[in-house]
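Next up is a structure, given as structure tokens.
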Amino acid sequence: MTDGSRRGYTADEMMTVAASRRLADRAVCFVGIGIPSQAANLARLTHAPGSVLIYESGTIGAKPEVLPLSIGDGELAEHADSVVSVPEIFNYWLQAGRVDVGFLGAAQIDRYGNLNTTVVGSYENPKVRLPGAGGAPEIAASAKEVFIVLRQSKRAFVEELAFVTSVGHAEGGDSRGKLGYTGGGPTVVITDLGILQPDPESKELTLVALHPGATVEEAKEATGWDLKVAGDLETTEPPKEAELRVLRDLKERTAAARKEKVG
Amino acid sequence: MTDGSRRGYTADEMMTVAASRRLADRAVCFVGIGIPSQAANLARLTHAPGSVLIYESGTIGAKPEVLPLSIGDGELAEHADSVVSVPEIFNYWLQAGRVDVGFLGAAQIDRYGNLNTTVVGSYENPKVRLPGAGGAPEIAASAKEVFIVLRQSKRAFVEELAFVTSVGHAEGGDSRGKLGYTGGGPTVVITDLGILQPDPESKELTLVALHPGATVEEAKEATGWDLKVAGDLETTEPPKEAELRVLRDLKERTAAARKEKVG
Amino acid sequence: MAEVVGLREAVAGLVDDGDTVALEGFTHLIPFAAAHEIVRQQKKDLTLVRMTPDLVYDQMIGMGTAKGLIFSWGGNPGVGSIHRFRDAVEHGWPHPLKMEEHSHAGMANRYVAGASNLPFAVLRGYVGTDLPKVTSTIAPITCPFTGEELTAVPALNPDVAVIHAQQADRKGNVALWGITGIQKEAALSARRVIVTVEEVVDEFEPHTFGIVLPSVAIDAVAVEPRGAYPSYAHDYYPRDNAFYGAWDPIGRDREKFGEWMEKHVLGVEGFAEHLRSITQQGAMR
Amino acid sequence: MAEVVGLREAVAGLVDDGDTVALEGFTHLIPFAAAHEIVRQQKKDLTLVRMTPDLVYDQMIGMGTAKGLIFSWGGNPGVGSIHRFRDAVEHGWPHPLKMEEHSHAGMANRYVAGASNLPFAVLRGYVGTDLPKVTSTIAPITCPFTGEELTAVPALNPDVAVIHAQQADRKGNVALWGITGIQKEAALSARRVIVTVEEVVDEFEPHTFGIVLPSVAIDAVAVEPRGAYPSYAHDYYPRDNAFYGAWDPIGRDREKFGEWMEKHVLGVEGFAEHLRSITQQGAMR
């Protein structure tokens, strides 16, 4: 595991910063909770002030001062451009193709960017019952592109998903296209070790960049299939001062606010 | 034509009062514009203060001080319990079966209470192009029962409709039931001459009451088919002082407000 | 993202000849200013979409702007017919009108399907009426769970939607309240969206029964005070019922109509001048 | 028409054993007071419906109230699992849970269909996922106009819907604002509707993003101040994030859970006493 702390930042911070950089200014972004929400808000507070963050609770143009713990925190409604009902956010915004980027996490991912957030083990007799689909399947279906953020490990990056909750590039190649979805599927997976992108033809996730200090061996070791590596492997630019400062401020404000609200 | 004025009220006033009496207190009533709106508001201001008036513009529990000229006057929203979108009023309220009474007018009616508000003459080459369906077909389809108010004449009460815009009892008998609608269809037609109700079996409209001064001959003369007359024909109770006073006050307030708002 | 521009520029840039154009506003907030601008720019062969074609479409149809009409109720509310519409349907003047006629519930659900990026909507209706005989965009559909037969209508996705609202903020978000009708769905179903507003404000106040359309769903916002006149804007000005009454004899007569439109719509620079024109000349009294 | 009654009376009169019951509230306005009352009255064999089963259903499932669950996401937001739910699914404790699992979009549209008195809804989803393999209430449907294949899901029409709102007026109209989630559709899809509110007011103020559910759509309104705690009521009190964190070790352990519910839910008269009970005993600190 990359010892980011010796570099002055953690691997999670690198992952969040790398993910945030992907979000273009003025993009309409459907945000999952957790690291996706951190990354999207970091982008909004740095290079993408015009991004429009949507949470599945119906908040459009959310501008949280502190990170929400859930997708429906009051903080999200407070400064939003609009708040609409849940059917509207899914039908009139997501399904309608108004979302440029869907930002998702997952428990498991396969080589084609399909995601599992339902069970580990069998569905009928699960080893671990996970929360389930939530909004992920339709974000994966309808967002113009999908960014996936999760820590890389053999438990998460698996040869075969226990359950396909959300479709990425299906069985690879043009198989996603045949499902009739309007969204383009995953374009990037950002982990704590590096960045993966689907091969243009086969759609198999390929390591295209490593974060500073991470190695190809580490990445392969943390992947449950035989990970393809790009010939021109890049190294991620480390977090800038400003990025780290804004991210840490955000997390501090969040921690302080959570204490404050308690009781 | 009944010379109501010699009686101290007009035939139209008798019609409106007779229609208003039909509306039970606390009924949820989907109101068409014109005489239906007059009658429904007269009911609300007299014996049915708990009635909930819905207009297709989305106003629920409208309490207009003056009669609206259109279904979307500001007056309707001002004191409403709620105002919802047009899809909601049709889907969540009307189609959902929340409407007890649909109150409709029409240009033409046939013996089974089917209504035409689309064309006179052929559809392709109409003699008179009427406004069209509006909300009437689904009010006729989904309200638990439908009250119809229109002046009785051979032009309006016809042997065959030029166009079936809204379904009453279809071809009579149990033919409406076979169309799969959830509402019960017309239960009463109130005219300036009397009151018609569908026969329990055949569903053919039958004259069951005459307004004071009107005769069976007049009613038959004003009907384009061989009008059936109930054996126990009743006479409508003439408008009471209070009913007339409230109705005329309402119409005066309306006229004054319309002048006032001009400019 | 909405840009705040002049109405002339918005219409010139976003409305093309041959487009399917929906001007919506259910009695309230009818976009008259935008309709006049479309007429002034002599847009042609439009397929006009509107649940309730009233004076605004009477004017456009009479001026030959429309080649087609998709609608559910065409009249002058509380007054009677819209005669330019009738003249087009009954006598093909100024030219025939290709009609696609539905019920309100059908139209509303067609917009909902369009806004949802679905090809069709489902409702309980049309069965037993003559509408399916004259309108091809009505089809039966069977519930895959219950076997029940219902009615399907295809989505509406106009090229352009035009609505009027009370306010925009400086980012181009738009607030409307009172009777909001079908405007949200009309705007969200369209490829391009023009909104005229009464004014631009720094921040929206809360309003009962209000909605906010985010800037990102809108292409152009143009400030047009009283831009819904003679209809109304809740909390701004009432409906001018007398105008609707006075329209009847004008709309009834081809010549009078032509003169009125020439003088008060074609012959003015914009809607502010139109309002002065009809007031000064007592044109509607 | 809504009657303003006590919550005990509302639950006793409107919730029957074996009912399908939806308690909704999307993170905001979760009806905890009503859930506790259902548990206290030992309602049995309920099929619970909820897009986001979280602590409120963890408590009900753990107490054996539910025989089935219709849902799309079950977790403790920002914290982790809901362990009583997991225990029921993974080990059948206190008894097995019949699951009907959907996505959020599927659940939302099922409520919309239910509120619209349609037997099904249509959406773009589920294709290529494993959900259709485990959930029978998903079916393909073909557009009668374009031939395109989409997905149908059946309507949800719960016997009872329970929601919490900020205010009711004296006629029983109910106002809620902030994130309003799926509550309108949940209420309008149900045969019977119970609403708990923070307070009764003479008249509603306008609120941004607010909706008003008319009295005629509601059966019972019960006043339960802080009735959504530990979730929040916009403009009344914030979410108690610490409670959600502190729930984790309680929910994780069958015994601790049982003691907590015994002491703070079964052993109290109502929600006001519950709030005092957990505060005084520092139960969540």
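The letters A, B, C and D name the chains in turn, as written, and every chain counts its residues from 1.
The criterion applied here is as follows: a residue touches a chain if its C-beta (ideal position, glycine included) is under 8 Å from a C-beta of that chain, and two chains touch if they have at least 3 such contacts.
Please read all numbers here as calculations on a predicted model, not as lab measurements.
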item: Both-way neighbours, i.e. chains that touch chain C and touch chain B; value: D
item: Shortest contact path, chain A to chain B, counted in steps; value: 2
item: Computed distance of Cα centres, chain D from chain A, in Å; value: 28
item: Distance between chain centroids, defined by C-alpha means - chain A, chain C (Å); value: 41
item: Multi-partner residues of chain B (each touching 2 or more other chains); value: 82, 91, 95, 142, 182
item: Chain C, residues touching no fewer than two other chains; value: 117-118, 123-124, 148, 184-185, 208-209, 212
item: Set of all touching chain pairs, with the criterion as stated earlier; value: A-C, A-D, B-C, B-D, C-D
item: Contacting residues of chain B [partner chain C, same complex]; value: 33-34, 56-59, 68-74, 76-77, 82-87, 90-91, 94-95, 118, 123, 125-138, 141-142, 163-167, 170, 176, 179-182, 258, 261-263
item: Footprint of chain C on chain A - complex, ascending; value: 26, 28, 50, 52, 60-61, 81-82, 91-92, 95-98, 142, 182
item: Touch list for chain D against partner chain A, complex; value: 26-28, 51-52, 71-75, 77-79, 81, 85-86, 89-90, 101-105, 108-109, 111-112, 123-131, 133-134, 148-150, 178-182, 184-185, 208-209, 232, 234, 238-242, 244
item: Complex interface listing, chain C residues touching chain A; value: 1, 115-118, 171, 173, 184-185, 188, 211-217
item: Partner chain D, residues of chain C touching it in the complex; value: 117-120, 122-124, 137, 139-141, 143-146, 148, 150, 152, 154, 204-210, 212
